[in-house]
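Across the two complexes that follow, subunit A remains constant while its partner is subunit B and subsequently subunit C.
== the complex of A and B ==
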């Protein structure tokens, strides 16, 4: 009983109230801009929106209307749904293929012995720090020669193999008990079988971590798609939202509706799998 | 099951008999099959890494000593030695971009890390509702930087904008209005603010994990000794988080040096180049101006810079650990 009473005491203590005040203040700073986005996107009157964005009225909902959303979805020049599908195709492909390709390599590095293994592992870990930004120009030249511009694969293929994902898989696989595959090998299981039927089914946490980290990275990718997509056909949401925003005259209601719709898929994913998202961030930090 | 009359052949399969029990139980043929499978499983990742990471990396070094230009591909590409590097280092815009990037990192890294730690301490207080707050603080990190930039553009309108109204009201009308993105001295601080807003939740989660791994008995002992909360924070929390600090600072620094998206959407590097960054500099020369050779040299310099920062920080950490 003692902990309960001390807790009820603590709930009204000045320190507790101060903590709550600080947490609430921080929460309103984090949510404020999102509230403005949502509220503005639901206001039908363009003039009213411009006026409201000049002050605190931007936080106060007016008459609710989906007019802005309808206009965004009807825009043929800037097809929101097309951008969304493009992003989903790219992200799902990178994550899906990435899980297979990177875990296969990590499995071999962590659980098999072969000549040059340690060197290979060291090279892959060293590659983690190579920033994609420093490769963008030569990579652009390469894909240009290959005739890959304006396609899905130009946004997918170069990013499937991911040194950091290999490293995360490696770290996880290395910690799994060795007798797992030894027992399976005794029973005559092949390398592939051990990987696919024993190791992978035990690896849900690291698969989730890798999927979320790589997924978020390429959901937000901006520089590369800006360079390799020229029309709307293969352009992802991140570049699409920036271009929609760049149109003159700027219709703030529609811009915010576009931004809101562009955030919704990932916000819904986050709210649904919040624990996994947080776990994956923690996982990314537990380095060697 | 193993045939004793067939000892592992030292030449082909059994040469590296240091292999674990897994392979020694199989027959020579299945061992060979296993090795083939291992090679096959490694191939996709290694091939892709070689083609899209190592090759472009080597290409950027190779191209950086040429005058290769994407626009007139039929023109002869010449070896120009270190001329590209020389003209980059003589380019005032490069130094401006480097300074802006460094300035961004120098402010963002300590501010964002400190705020992240503060939020983590608040959320770690054990009060009801803490998970809700944690969820809220992390929320902006899942949004793409392009979306974040667009939302903030709505707040940053000048002279009549949401932020100006808030600043004006809070200061009793003394401060503002400011031209957040149009003023040469304000544009970079404004970019810093929205970048911290977007990214702080990430570091908070890492700090939170660090806080939760600190031994509670340490606090217990300190309390018995009569240490105040602030003293506990100073003498237990901060030192116990050393590894977390290292990771957070390292990761945030490297991220800060990649600054591009928010600048491209909000200021296009302006006003007067005050928010131009290194990544934007190499994007402009390589993509907009098609000067591949020149941009490759800039890419190599950018890579060396990131590498240098990483190595210096690692060296500092190593020294710290030895003490």
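== the complex of A and C ==
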């Protein structure tokens, strides 16, 4: 019974209470806008919404209606489903190809010995802190020159190689025992085969981490898609939301419904993978 | 099955030389053990034979073919790692089958080889388990099984028993010996445990600092160590050493003088460099020194420590000019720390090493 009583003790200690209070405050600040978004999207009456938005009423649900959602989905000028498909194509391609390319780069860095390896690794780590925004203009000139504007690949190709993903893979691979590679080499496996049949199957946690990080980053990417897409054909959700928001007169209920539907897939994905994600973040912290 | 030959094999990492030119002929079907202290280059040498480490210089020949530039598979060698290095995400069956799959062997052959290895190693019941669900000893057997299924010409082992507990180590040692008898392959085995070396080897290669100190059967190394290093490395408890001087060279036989001037006649001969008055070292095995043995020579000792080992006891004693002299005696007789007496030994059983540590000829 000792562990139980010590647990109760800790739950009621002032320090614990304070911690919980702080976490509660932080959670409300983060969840507040989400609640407003959800509540507002379910209110059918635009006038009512505008009145409510100024105060506490924004948090209080009125009669529930899916009218806003129906209208968003029916809107031909701002095709939500088109935006969604575009985002999915771009994000899934970046994540899928990114896992392969970045893990291969990291595997070479972690296992092969070649001249300039340390320098290359240092450069890649340094690249982590370079924001995409600072590269946007030269990159734009490049893709324009290539005639890639207004397409899927202009949103995908520049972002497959991802320094932070390479770094995470590198760290993970460096900790996998080298004996495994050597045993497989003794078994006659090629470098490619070792990577594919031994290393990658053992890397599920880091693959999940990288997929979530890179996926989230490009789910919400805004500047670049705005620069390289013209019509709605290849435009992703993030740009779509802003465009939808910019319409006059502003239909708050529909804006919120749109935003809700745009966030939902991310929240679902995150909740599904969060256990892995936390595991691997904690794991790398403890081992590192 | 294949002979393996090493000629002037060298290894350096950049400027740092770690293996300094090793010559060794390993016969077909021989069980060779590389033994030596930590860092002496045992693993490096084994890994060069395996094909995991590039050979800086010299020729490696396996089964009559120069193997320096061949891949491990082309060489026909299989290796058991100290860490076992089982693939954690594969079942025991898949672990053992992986090598054959890489060789594109057909399914029936794979199934047959895996079944054969499982039978030899008593792994039938575990074929569908993952390595994480096995004990250390079972993992070790899977690692051996992974080597067996490929029917290699040469088996390589790098300290395969060092992660097992004492009882299991003895068991597995016997299993490896039995495996060698049954399969008859050439086996090269690395260990720093001289008991493993003595019990398993047809011939032992004693390495020190990247050089071969001596190659020979366990009995040769034990009875006629070529130098002081081999003498102290082989045998447990280790050989005891006493400082002495060359007192006389009568008729080719040496007479030595102990630190207290006491003369010891030996049947050793002088080497060319030996001079009267040269300092030498006498080596005595624990079983050759006894409180009241039949030996004709006497050595005054004082007991410093006593170790009880059930069937026998080890007495650690000091003598003039020396400490830590070891005697192995049967149980029974009571001794106490501080006892003084004349220990006896047979002068023909002792070893004599010159100032450079090289054994003097008999």
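In the analysis below, the second predicted complex is superposed on the first by the 255 of 288 C-alpha atoms of A that agree within 3 Å, B and C clash if a C-alpha of one lies under 4 Å from a C-alpha of the other, contacts with A are read in each partner's own complex, and residues count from 1 in each chain.
As a working rule, a contact is a pair of C-beta atoms (placed from the backbone, for glycine too) under 8 Å apart; a residue touches a chain by one contact, two chains touch by 3 or more.
As the structure is a computational prediction, the values presented were derived from the model and not from experiment.
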In the overlay, answer first, second, both or neither for which of subunit B and subunit C A:73 touches.
neither
Is A:180 contacted by the first partner subunit B, the second partner subunit C, both or neither?
second
With both complexes overlaid on chain A, does A:88 touch subunit B (first), subunit C (second), both or neither?
neither
Check whether A:202 is in contact with subunit B, with subunit C, with both or with neither, and answer first, second, both or neither.
second
Look at the residues of subunit A and decide whether subunit B or subunit C touches more of them.
B
Examine A:125 and indicate which partner it touches, taking first as subunit B and second as subunit C; both and neither are also allowed.
neither
Following superposition on chain A, which residues of subunit A contact subunit B and also contact subunit C?
182, 185-186, 188
Could you list, by residue number, the parts of subunit A that touch subunit C in their complex?
177, 179-180, 182-189, 193, 197-198, 201-202
If you look only at subunit B, which of its residues touch subunit A in the complex?
16, 18-23, 25-26, 30, 33-35, 37-38, 41-42, 44-49, 51-57, 59-60, 63, 68, 70, 119, 122-123, 125, 127-130, 133-147, 149-155, 157, 160-162, 165-166, 169, 197, 201-202, 205-206, 209, 229, 244, 247-248, 251, 254, 257-258, 260-261, 264-265, 279, 282-283, 286-287, 292, 295-296, 299-300, 302-303, 306-307, 310
Considering the complex alone, what residue numbers of subunit C touch subunit A?
50-52, 71-73, 77-79, 81-83, 85-89, 98-99, 102-103, 146, 150
Of all residues in subunit A, which touch subunit B in the complex?
11, 15-16, 19-20, 22-23, 26-27, 29-31, 33-34, 36-37, 40, 53-56, 58-59, 101-102, 104-105, 107-109, 111-115, 120, 124, 127, 129-131, 133-142, 144, 157-161, 163, 166, 178, 181-182, 185-186, 188, 190-192, 195, 216, 219-220, 222-223, 226-227, 237-239, 241-242, 245, 252, 255-256, 258-259, 262-263, 266-267, 269-271, 274, 277-278, 281-282, 284-285, 287
